[in-house]
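In the two assemblies presented below, chain A is common to both, partnered first by chain B and then by chain C.
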Partner chain A sequence: MQLGTRRLLDRAFSGLGITSILLLGASLLVILAPIVVRGLGAFVFGGTIEHRRLMLEKFGRGDRAQLDAQIAAAKRARQPVYDMIAAFEKELPRLDPARRRELRTSLKELEERIAILLEPAPGTSDPVLWRDQYGQTRWDRAQVKAHDVLFAEQYDYTDPTQMGKKVWVPRAKEFEGTCLAALFPYVQDNLDAMLKPRTTFYWRFLLDKSHDAHFFGGVGPEVLGTLYLAIGSMLFAIPMGVISAVYLVEYASEGRLVSTLRTFINTLAGVPSIVFALFGLAFFINAMHVSESKSVLAGSLTLGLLVLPIVIRASEEAIRAVPQSYREAALSLGAGKGRTVLTVILPAALPGVFTGIVISMGRAAGETAPIIFTAAVSMGNPLGLVETLSQPTPALPWNIYNLCTEHEAVDEIRHVQFGMVLTLVTLVLLLNGAAIVARARISKRLRA
Partner chain B sequence: MSATVDVPLGRRIRPSRRPVVVGGTKHHVEAEAFSVFYGPKQAVCEVSLGIRAGHVTAIIGPSGCGKSTLLRAINRMNDLIPGCRTEGKLMLDGEDVCDPWIDVTSLRRRVGMVFQKPNPFPKSVYDNVAYGARIHGLRSRRRLTEIVERSLRRAALWDEVKDRLRLNALGLSGGQQQRLCIARAIAIEPEILLMDEPTSALDPQATTRIEDLIGELRGDYTVIIVTHNMQQAARISDFTAFLYEGDLIEFGPTMQMFTSPTERRTEDYISGRFG
Partner chain C sequence: MSVTTGHPVLEDPPEAALDWGQDDGDPSSDEPPTRTGPPNADAAIADLGLRNRPSLRLNPRASWARWFGSVAVRSLLFLVTSSSVLAVLFIFYFIAKDALPFFRLEGIRAFFTETAWYPSADPPAFGALAIFFGSGLVTLGAVLVTVPLGVSAAVCLSDILPFSVRQLAKPVVEVLAAIPSVAYGFFALVVFAPMLQEDGGRILAMAGWLIGTPLCFLAVVVLSDLVAGTAPTRLRWPVRIGMLLGLGGLAVFGLVKMGAFLGGLQVDSGANALNAAIILGIMALPTVVSVSEDALQAVGREMREASYALGATRAETLIKVIMPAASSGICAAAILGVMRAVGETMVVWMASGNAAQIPAPWYNVLEPVRTLTANIAGDMGEADHVTGSARYHVLFAMAFCLLVISFSLNLASEWIVRRSRRKLRGG
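Moving on, here comes the complex of A and B:
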C-alpha cells in the first residue's frame, strides 16, 4: 500500500473514533443537561408566601413574626379580590335571568380557580388535603394557575372535519359590564403582591419525607431506601461474587463442570431484570419467607443476585491477571492456598474487583424492575436499620416511574419527578466516584 | 520406564543407580533414581545424586534439560503444574519430599526459593520480608522488625532500603528486588536455598552483587542454584551437576568438572561446543 493511502486510512480511523466519542458525549449532554436544569428546580425555585406559610405551619420552619407581617400584607393585597366577588354576588340578582344563570356557573368556576391560586376563600371550611389548604407554593405554578383565573378553556367546534380546538377565552369578556370585570386586570397586575415570590433554596428536599402524595416535602425516604438497597445488595453480591471468582480461578480444575458454570454465569448476566424480580418474589418472599411481604432485605437479595454475575466476572478477570510469580513466591514461603489468596492474590486483584463493584453498585441503585415486586412502595417513612429486615421502602427508581405514570396529578409535580431523577443520577455518580477514588488509591499503593 | 536414553553422538548413557557421593558424608538432599514426568513426557530421568550441606551446588545444562524441574521438585513447586508426577525418591534429611502425606508447608519453610525474575509482592519492603514470619504465626512487632533488619543485612540490602522500609518494594531496582527476594526467603531461616537462574534478568553489576551474596551465604545455607551461565557456576559453586535431556551426565566438585571432566559431553558443553 502507498504510504499516502496508509496515512489517510490512519487519519480516517482516528477521526472516526473521535467522532463517535464526541457523539456519545453530546448525547449524554443532551440527556443530562435538561435533567440537571429541571431537576435543580426542585431545590431552587421562586417560593411564594404560601410556601413559607406551609413551611411554618407544617414543618415549624421560619420566623413567625416576620412571616405574619408578610401574610398580613398579602392578605391586604388579596382583599379587593374577595370584595369584588362579594359586590358581584350582590349585583347578580339584578341581572336578567338567562345571563344570571350563566354567570352564576362561571362565578363558581372562577372562585374555585382563585382558591387554587391563592388559598381557600376566607370563611370556607378547612379542606383535608394539604394541596387544598394552601395556594400555589411555587411561582412558576402560580403563573399557570393565574392564567387559569384570567382565561377560560373552551373548545372550538366550528370546523366539523376537525377535532375540537382548544382556545383560551378571557373571562373578562364574559363578565363584561359587571363590577367583576375589574377583577381580572387587578389579578394580573397584583399577582406579585398577593403571593410575594422569593427565590427559595430548599435543600431539605433531599431529607424531608413527602407529604400529600409528593405534592410537598422531599425525597428523603426514597434516597435512604435507594442507599439501603444499593449497599444491601453489595453486602450479598461482594462476598458471594469474590468467593465464587476465587473458587473458579484458584480452586476449580479446568474441566467441563467449570466451563458449564462459566456459561451459566455469562447467561445470568444477560437475563432480563424483570425475570430476576419474579424470581426474587417467588423464591425469597414466597418460598424462603425472608419477610412477610416486600422488604428491603428481599429487594437487596434480588438485586444482589442480579449483579452477582458482574461481580464474579470482574473479580475473575482481576484474579486471573495477578502474576503467577506472586502465587509462586507466596507458596515457596510456606503459605497455604487459602493464605496465598487472602494475603497476596486478593490484595493484588483489589483494583479490578473494585471496578466490578463500581459498575454493579450503579446498576443496583438504578434498577427498577427487581424492586417493584420485592422491595418498593410508593410512599413511606424513612426506615431504621432493623426495619429494613421486614419493611418495604420507597426508592428513587421506582418512584420516578410511579410519579411519572401513575400519579393523580402528573403535571403538578414535574419538579419532584425531575428532582428525583437528578438526585438518583447524582447519587449513582457519587457512589461511583467514591469507588473510583478508592480504586485509584489502592492501585497507587500496589504500584511503585 | 527404561533407564537408558538415546542421545545424539551414538553413545548410550546409563545413569548410575548408586548416588554419586562427593566430598564429605552428610547429604542434605539425596536423589535416588528420581524421575519427573509432565504427563507422558519425562523431564528428569532417574537422577541419583547427593548434595552436601552448607555448600553451593550448581546445576547446569542446556535449556529444557530438566534442571529447573529438578530444582522445583525439592520444594514441591511442581505441584502447581497439572499432570506432573514423580518416581523414585528425593530425600531431605532422610525424609522423602515426594510423599503425598508430608506437610508441604513445613517443607517449604525448610526449603526457601528465589526465582528467575524478581517477584516481590506489591507491598512495602518491610511487609515483603516479614511475610514468611507472619504467615508462620509471628505477631510480635519487635521480633518482626528484628527479623526484617537481620534478613536485609544478610542480603546486603539494609543500607540501601533502611530509610524506605514502608515504601512499595516494586519501586526498587531489579537487582535490589532480587536481593529483597533473597532476604524474604532467608527471613524464615530455611536450611536450603533454591535459586532458579537468579541473575538471568539482571545487569552485570547486579549479578556481581548477587554472586557475592551467594558466596556469603555459603556455610550457613545449602544453596542449590540453576544457572545458564557457566562462568557463574565456575565462580560461585563448590559442586556442579551437569544435566542433559533429563539425565545426570556428570556430578562432582566444580574445580574438577571445569578442569578435567570425565564425560565428553560435559567437556563439549562447558567448552561451548553445544547447548
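Moving on, here comes the complex of A and C:
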C-alpha cells in the first residue's frame, strides 16, 4: 500500500474514534437539552392571573388585596367579550334560519373555547374539576388555547386519494357580517390584558401535592416516594453489600467457592429489571407477605436486591485498594483480623465505598420496572414513615411513564412531565456528581 | 477444622489463635505460626502499655474462645455473602414455579412457534414468536448502533486522545450511564418519536449520508490503491486514477440512490423498532465503552511499542495488534451490551410501539414491534387481578425465558473473560 494511503487510513481511523466520542457527547446533549430546557418550564414560566388566583384560592398563597385589584382589571378587559356574545345572542333570531342553526353550534363551540381560555362565563354553574374552574394558568398554554378560539379545526377532503388534511379556518370568517366578528381581533389584541402574564418562579413544584390529575400542583409525593425507595433499598443493600465485600476480600481465600460466589453475584447483576419486578411480586408480596399488596417496603427490598451486586463490586474495589501495608501495620500492632477490618480497613476504604453507595442509590432512584408491581401507584398522598411499611407510593420514574402514556390529556401537561423528568435526572446526576467529586478527592489523596 | 463448619475456607489451625492472640492465621503473614515472641518482646509490650490487653495473653482457654469467635464471625460473613447466591436461586425458583403451570396448561410448542398473541380472547392464544422476534430485532438494532460506536469510542479513549481530553470525555460516559432508563424512554417517546414521524425520511437520509460518505470515500481510495499495487509499475498511476474515478462515480451514484430511497420513506408511527433500537443503543453505550476500554488498556505497552518499532502506523497497530489481543474483552463488552438491551424495559415499552407482530418484511425496522420485557410490564397490569390464570403464568414463562437468556449470556461472557485471562497469563 502507498504511504499516502496508509497515512490517510491512519487519519481516518483517528477521525473515526474522535467522531464517535463527539457523537457520544452530542447524544448526551441532544437527550439532556430538551429535558433541561422544557423541564425548567415547570419551575419558571409565564404565569397568568389565573395561576395567581388558583394559588390564592386553593393554596392560600399570595397577597389578596393586590390580587383583587389585578382580577378586577382583568375582569374589565374580559367584559367586552361577554358583552359581544350577549349582543350576538340577541342578534341571532334575526338571521335567516339555515345560517342561524349553523351559527348556533359554532357559537356553542366558541363559548366552550373561551371558557377554557379565560374562565367559565359569569353566571354559569361552578364546575367540579379544577381545570374547568380556572382559565389557562400558563402563558404558553394560553396562547395555544387562544389559537383555538381564533381558528376552527377542519379537515380538507378535496383530494380523495389521501387522508383528510387538517386545516385551521379563522372563526372570524364564519361570523362575518355579524356583530361577533369584532370579537376575534379583540381577543387577539387584548389577550395580554385579559390574562396578565408575569414571569413566575414556582419552586414549590418540588414539594406540592398534585391536584386534578397532575394538572396543577407539583411532584412532592413523587419526590418523597422516590427518596423513600432509594433510601430504603440502600438500608438493605449497604449492610449486605459491604459485609459481602469484606468477606470476599479479607476472609475468603480464592478458590472454587469464591469463584462460584462471584458467578452468582454476576448473575444477579445481569438479571433483567423486569424479572426483579416479577420476583418481588411473587416472593416478597405473594409468598412472604411483607405487605398486603404493593408497598414501599416490598419495593425497597426488590430494589435493594437489584443494586446489591453494584454495592458489592464497588465496596470490593474500594477495600482492595487499601494498601497492604495498612493491614500489615495493624496486624503487627497486635490487632486481630476483626479489629483490623473494623478500625483500619473499613475507615480507609470508606470514601470508595461511599462512592459506590451513592452511585447505586442513583440507580435505585431511577429504576422503574422493579417498582411497577411492587411499590408504585400513579396517584397518592405523601406517606409518613410508618405508612411506608404497608402503603404504596407514587414515585418519579413510574409517574413519568404513567403521565406520558396513560394520562387522559397527555399534551396538556407536558410541562409537568418534563419537570418530573428534570427532577429525576437532576436527583440522579447530583448523586453521581457527588460520587465523581468524592472519587477525584480520593485519587488525589492517594497520589499525594 | 473444616469438618466442624463444612466449608473449605475455614482452614486455620486453632494454634493460630495461640499466636499472639491473633484471632486467625493470616495466610499472607509469613510469621511461623508457633512463634511465641522473643524474650524482650514482653518488655517492649510493657513499654507500650499493652501488658494488660487480654488479646496478648497466651491463655489457652481464651484462645479457644477467640478461635471459636473468629469461626463464628467468618461463618456469619459467609452466610451474608451467600445470600446473593440464595437470591439468584430464589429468583430462578419463584419465576419457574409460576412459569410451569403455563407450560403444563398450554404446552411449549405453540408458545415458541406461533405468532397469534391474543391473551384476552376466548379461547386465548399465547403464541409468543412475534414477541421473541421483536426482542431479537430491537436487540440486534441496538447492537448495530452500540458496538461499532462503543468500540471506536473506547479505542479513541484508550489510545488516541491525550490524557487531559480523556478526563473530560469520561464524565460524559458516566453521565450517559447514570441517566435513568425512564428518562431515555421519555426522550424516545416525547421528543424523538414525533421527530421521526414528521420527517423520518429526511433524518434517515441525512444519517445514511453522514455514515456512508466517509466510508465510501475510504473504500474507494483503499481499493484503487490495492488494485494499482498489482499493476506493473509504469501503469500504476493511470490505473490508480482510473480506478479512483470509476469507483468514485459508482460510490456517488450509490449514495445518491440510497439518499433518494431513504428520503422517500414514510414513517407511519414514530414509536417503532428503529426508535427503540437507537435509544437502546445509546443507553448500552457506557457499558460497552467502559468494558472494552478496560480490555484495550489491559493489553500491555510492550505490544504497542513493538508494533510501532516495526514501522506500523497507529491505526495498523490498533487494528492488527491491539484489537485482536483485546478481542475477548471486546466480545465480553458486546455481550454485556446485548444483555443490557435484552433486559431493558422502559425504553422499549415506551418507544417500540407495542404491536405484537412480525414486521413485513421482517427487517422493516420502521414498523412497531413488541418485546418480551415490554409485554411483561404492559400485560401484568391486566393480568394481576386474575392471578392464577394462564394469562398471569404466561408472563412468568416469558420472564423465565429472559432469565435463561441473560444467565447464559452472563456465563458466556465470564467464560470468554476467563479464557482470555488464561491466554494472557500463558502467553
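The rule is short, and it goes like this: the second predicted complex is superposed on the first by the 408 of 448 C-alpha atoms of A that agree within 3 Å, B and C clash if a C-alpha of one lies under 4 Å from a C-alpha of the other, contacts with A are read in each partner's own complex, and residues count from 1 in each chain.
Throughout what follows, a residue touches a chain if its C-beta (ideal position, glycine included) is under 8 Å from a C-beta of that chain, and two chains touch if they have at least 3 such contacts.
Owing to the predicted nature of the structure, the values given are computational and were not obtained by experimental measurement.
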item	value
Contacts of A:275 with chain B and chain C, given as first, second, both or neither	second
Touching partner for A:235 - first (chain B), second (chain C), both, neither	neither
Touching partner for A:263 - first (chain B), second (chain C), both, neither	second
Contacts of A:397 with chain B and chain C, given as first, second, both or neither	second
Touched partner set for A:389, first chain B, second chain C, both or neither	neither
Greater chain A contact set [chain C / chain B]	C
Partner chain in contact with A:7 - chain B first, chain C second, else both or neither	second
Which of chain B and chain C A:330 touches, first, second, both or neither	first
Partner chain(s) touched by A:253 [first = chain B, second = chain C, both, neither]	both
Partner chain(s) touched by A:305 [first = chain B, second = chain C, both, neither]	second
Chain A positions touched by chain B in one structure and by chain C in the second	253, 327-328, 331, 334, 336
In the complex with chain B, residue positions of chain A that touch it	253, 323, 325-336, 339, 343-344, 347-348, 445-448
In the complex, chain C residues that touch chain A	7-9, 20-24, 26-29, 50, 53, 55-56, 66, 70, 73-74, 77-78, 80-85, 87-88, 90-91, 94-95, 97-98, 148-150, 152-153, 155-157, 159-161, 169, 171-176, 178-187, 189-191, 214, 218, 221-222, 225-226, 228-229, 282, 285, 289, 313-316, 318-319, 339, 342-346, 349-350, 373, 376-377, 380, 384, 387, 395-396, 399, 402-403, 406-407, 409-411, 414
Of chain B, residues touching chain A in the complex	75, 77, 80, 82, 105-106, 108-109, 112-113, 115, 117, 119-123, 131-132, 135-136, 168, 170-171, 181, 184-185, 188
Chain A residues touching chain C - in the complex, by the definition given at the top	1-2, 5-10, 12-21, 23-25, 27-28, 31-32, 34-35, 239-240, 243-244, 246-248, 251-253, 255, 257, 260-261, 263-268, 270-279, 281-283, 286-287, 305, 308-309, 312, 324, 327-328, 331, 334, 336-338, 359, 362-363, 365-369, 372-373, 397-398, 400-401, 404-405, 414, 417-418, 421, 424-425, 428-429, 431-432, 436
